[in-house]
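Should a chain be cited, it is by its letter among A, B, C and D, assigned in written order, with residues numbered from 1 in that chain.
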Amino acid sequence: MVLVNFKCYLEATGDRAVQLAKYAEQVSKKFDVTVAVAPQTADLRLVSQQTKIPVFAQHIDPIKPGSGTGHVLAESVLEAGACGVLINHSERRLEAGIIEDTVTRARGLKLTTVVCANTSAIAAAVASLGPDMIAVEPPELIGSGIAVSKAKPEIITDTVSRIRRINSDVVILTGAGITSGEDVKEALRLGTQGVLVASGIVKAKNQAAAIEDLAGACRQVGK
Amino acid sequence: MVLVNFKCYLEATGDRAVQLAKYAEQVSKKFDVTVAVAPQTADLRLVSQQTKIPVFAQHIDPIKPGSGTGHVLAESVLEAGACGVLINHSERRLEAGIIEDTVTRARGLKLTTVVCANTSAIAAAVASLGPDMIAVEPPELIGSGIAVSKAKPEIITDTVSRIRRINSDVVILTGAGITSGEDVKEALRLGTQGVLVASGIVKAKNQAAAIEDLAGACRQVGK
Amino acid sequence: MVLVNFKCYLEATGDRAVQLAKYAEQVSKKFDVTVAVAPQTADLRLVSQQTKIPVFAQHIDPIKPGSGTGHVLAESVLEAGACGVLINHSERRLEAGIIEDTVTRARGLKLTTVVCANTSAIAAAVASLGPDMIAVEPPELIGSGIAVSKAKPEIITDTVSRIRRINSDVVILTGAGITSGEDVKEALRLGTQGVLVASGIVKAKNQAAAIEDLAGACRQVGK
Amino acid sequence: MVLVNFKCYLEATGDRAVQLAKYAEQVSKKFDVTVAVAPQTADLRLVSQQTKIPVFAQHIDPIKPGSGTGHVLAESVLEAGACGVLINHSERRLEAGIIEDTVTRARGLKLTTVVCANTSAIAAAVASLGPDMIAVEPPELIGSGIAVSKAKPEIITDTVSRIRRINSDVVILTGAGITSGEDVKEALRLGTQGVLVASGIVKAKNQAAAIEDLAGACRQVGK
């Protein structure tokens, strides 16, 4: 699985979010690999309507329907077409209790949860909170173009090992610095089930080529 | 002006957000009164596309395009059709510096800013930060059904007076507990230029009738 | 072990913090039981100087020495006589990453860490972060006078079981609603090694008697 | 007036906080100038007991006595000997509503309030909240060694002018980058009544000489 985090890049906002999601959809079909996208909240519905790939919100708050001006209600992203949520990204870190509450809220609505973790200890901690997926992202490599799977493979293997002692089901994604198919292959070899990628695709001169490179690598390993 | 804050009410989420915005649009035309709406972020584009009334975001972050996973980029709500933003609601209070930064960011994109203030002192403080509008909302009356314009008219007049010493241009809205046309008339008589309303309309048994009552009152005073 | 959280009660501020700590010291000697106290930051040095029992800070920030106006530097509480820190109390919840950073910072200075957890899932999560102690405190029972060890014993046993699968060394404290020696005995029977108590002692008409009741119960079970 | 913010520098923690405060006291007597200090919370009582100069807390929370684990109660710093509080420093920015609540809480206990402001707009905003003093500190100059009074005098004069239109009584301090007596003289010439200084004194090779230079300059201008 490749999950593309659109962050707040203009190259992946509004119409350009749709364009990028369509590239992801084409590649997904071509290689028969799951390519999911996480556009900004304001773009969730647009992207969901115009593509058939899985769409994730970049954040939700664990509030219930009612007041809560300015927060992101789980039901609102669900109705907008999201099938899951990404939370606790290093750019939007959450209180431990809020992570638990959000995972619970999302599960109640059958939204898939991807919880980001900066370190292997946090990944292990998060594994106790019952998310569907954990994305391991050393923050010093985010946006660096240096793949964690190459620069610090021991972080990935250590994290996988720590998570598995606690939670045998959770899907593990490798994040931070992923830019090439080689990075993806390495991430899969190290025992994770996919990658979380952002600038490596969003900021690529050729987004379509970049996403094809990554998804193609998944396909080759998958065979 | 009547600004309807949809908050995170299910009665104003997704398709129901569109329905409520259409009621607002009909009433706006009927009485030639500005009725604006503030739906959730995920619903901004849908509501903007299906109505022609002013649409406000309930929150934006003052970040620039780039990283910022899980935040609300000003450009994203603008491209989704919003013409303004509501910030610092008592359910989403912001640091003073963030209010200034957000007003500046919004102004750069020609997004109208409505800054909420809990007290007359905060309203006066906010007036120094240069927003387009200030909404005065004593939090103890929010959602109470008791209109601030009736229960505590001196808060409104005191606030208007304090704001005007600092800022002669800013539009002042009365919020908290507004449920009827009478409340609106009183708010306008006290020197404010409109109302910010949420549960009084969103949770009304008959949303269309409720919004008609409020907008109609604006019209009568305006004559 | 009995850890008394002074919170921000006036009955445990300044000179009254010293008085309460002296009661704790007397009882500690009488029963040969560890009774530790967690006064407010401003009272740490005073309490440390006037008693010989373990003194915990109620919070530290994981910042390094330098700037950081208004934060609590680990070195400052250490130099003030604290031997440990309490963090992530339900009244001061922290981001998951901050908990890890704080535990690491404290360990570097040999400050004992007590991390509070609202639920068994959070307790298990926290166990992965390597604290010295975990205090389990269902927030709905805090200050209630209803002991978690009586009202919800299964929360305690479930939590102990979940923590032990991950971490065999961490000391587990039962918190929330503890007011009597019976509550303490029950907490120890359920497999925890001590209690975290606040209003049950601080707000007692007779603080000395209350603390004696709790510490005496520890002693009886310890035999 | 010279207010020395000790921040979280080790050079101004514990015993070294007392030493630095004693230098301040000596200089204060020598020049008959008010030199106040803002040590860390854990050092407030120690510094208050060993010197007779005004002692400010670096932060308080606007909570009332009671629960509030890990927060800073106004009464606790008052009983520890503080006569005032510094809030909203750019290293600890607060919600607008929290600033108002904290000023109100402090006033109720006759604690002097110094509210920091990053910009002239925030300074003007804060002036509406009724603090005793406002410290103007462009964050880009904090710790830079480049005095705002020299580098950006127009920020100071503009800020003074904006504050005075709203509040004629508040004492205005110049902060950020102050390191020499010349900087102080310039700050006073620009219409402010004192300086807020941190690294310029705390990190000086000779703290005593640094503080003497600054306070001496106040004296010369004062004549």
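What we mean here is this: a residue touches a chain if its C-beta (ideal position, glycine included) is under 8 Å from a C-beta of that chain, and two chains touch if they have at least 3 such contacts.
Every value quoted in this text rests on a predicted model; they were computed, and no experiment measured them.
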(request) Touching both subunit C and subunit D: give me those chains, sorted by label. (result) none
(request) Could you tell me which chains are in contact with subunit B and with subunit D alike? (result) none
(message) Taking the mean of the CA coordinates per chain, how far is subunit A from subunit B in Å?
(response) 34
(message) Could you work out how far the Cα centre of subunit A sits from that of subunit D, in whole Å?
(response) 45
(message) Nearest whole angstrom, what separates the Cα centre of subunit A from the Cα centre of subunit C?
(response) 37
(message) Residues of subunit D that contact two or more other chains, please.
(response) none
(message) Dump the list of chain pairs that touch, please.
(response) A-B, A-C, B-D, C-D
(message) If we count contacts the way the header does, which residues on subunit B are in touch with subunit D in the complex?
(response) 88, 90, 93-100, 118-119, 121-122, 124-130, 162, 165-166
(message) Touching residues of subunit A toward subunit B in the complex: what are they?
(response) 5, 7-10, 13-15, 38, 40-46, 57-59, 63, 65-73, 75-77, 79-80, 86-87, 89, 91-92, 142-143, 198-199
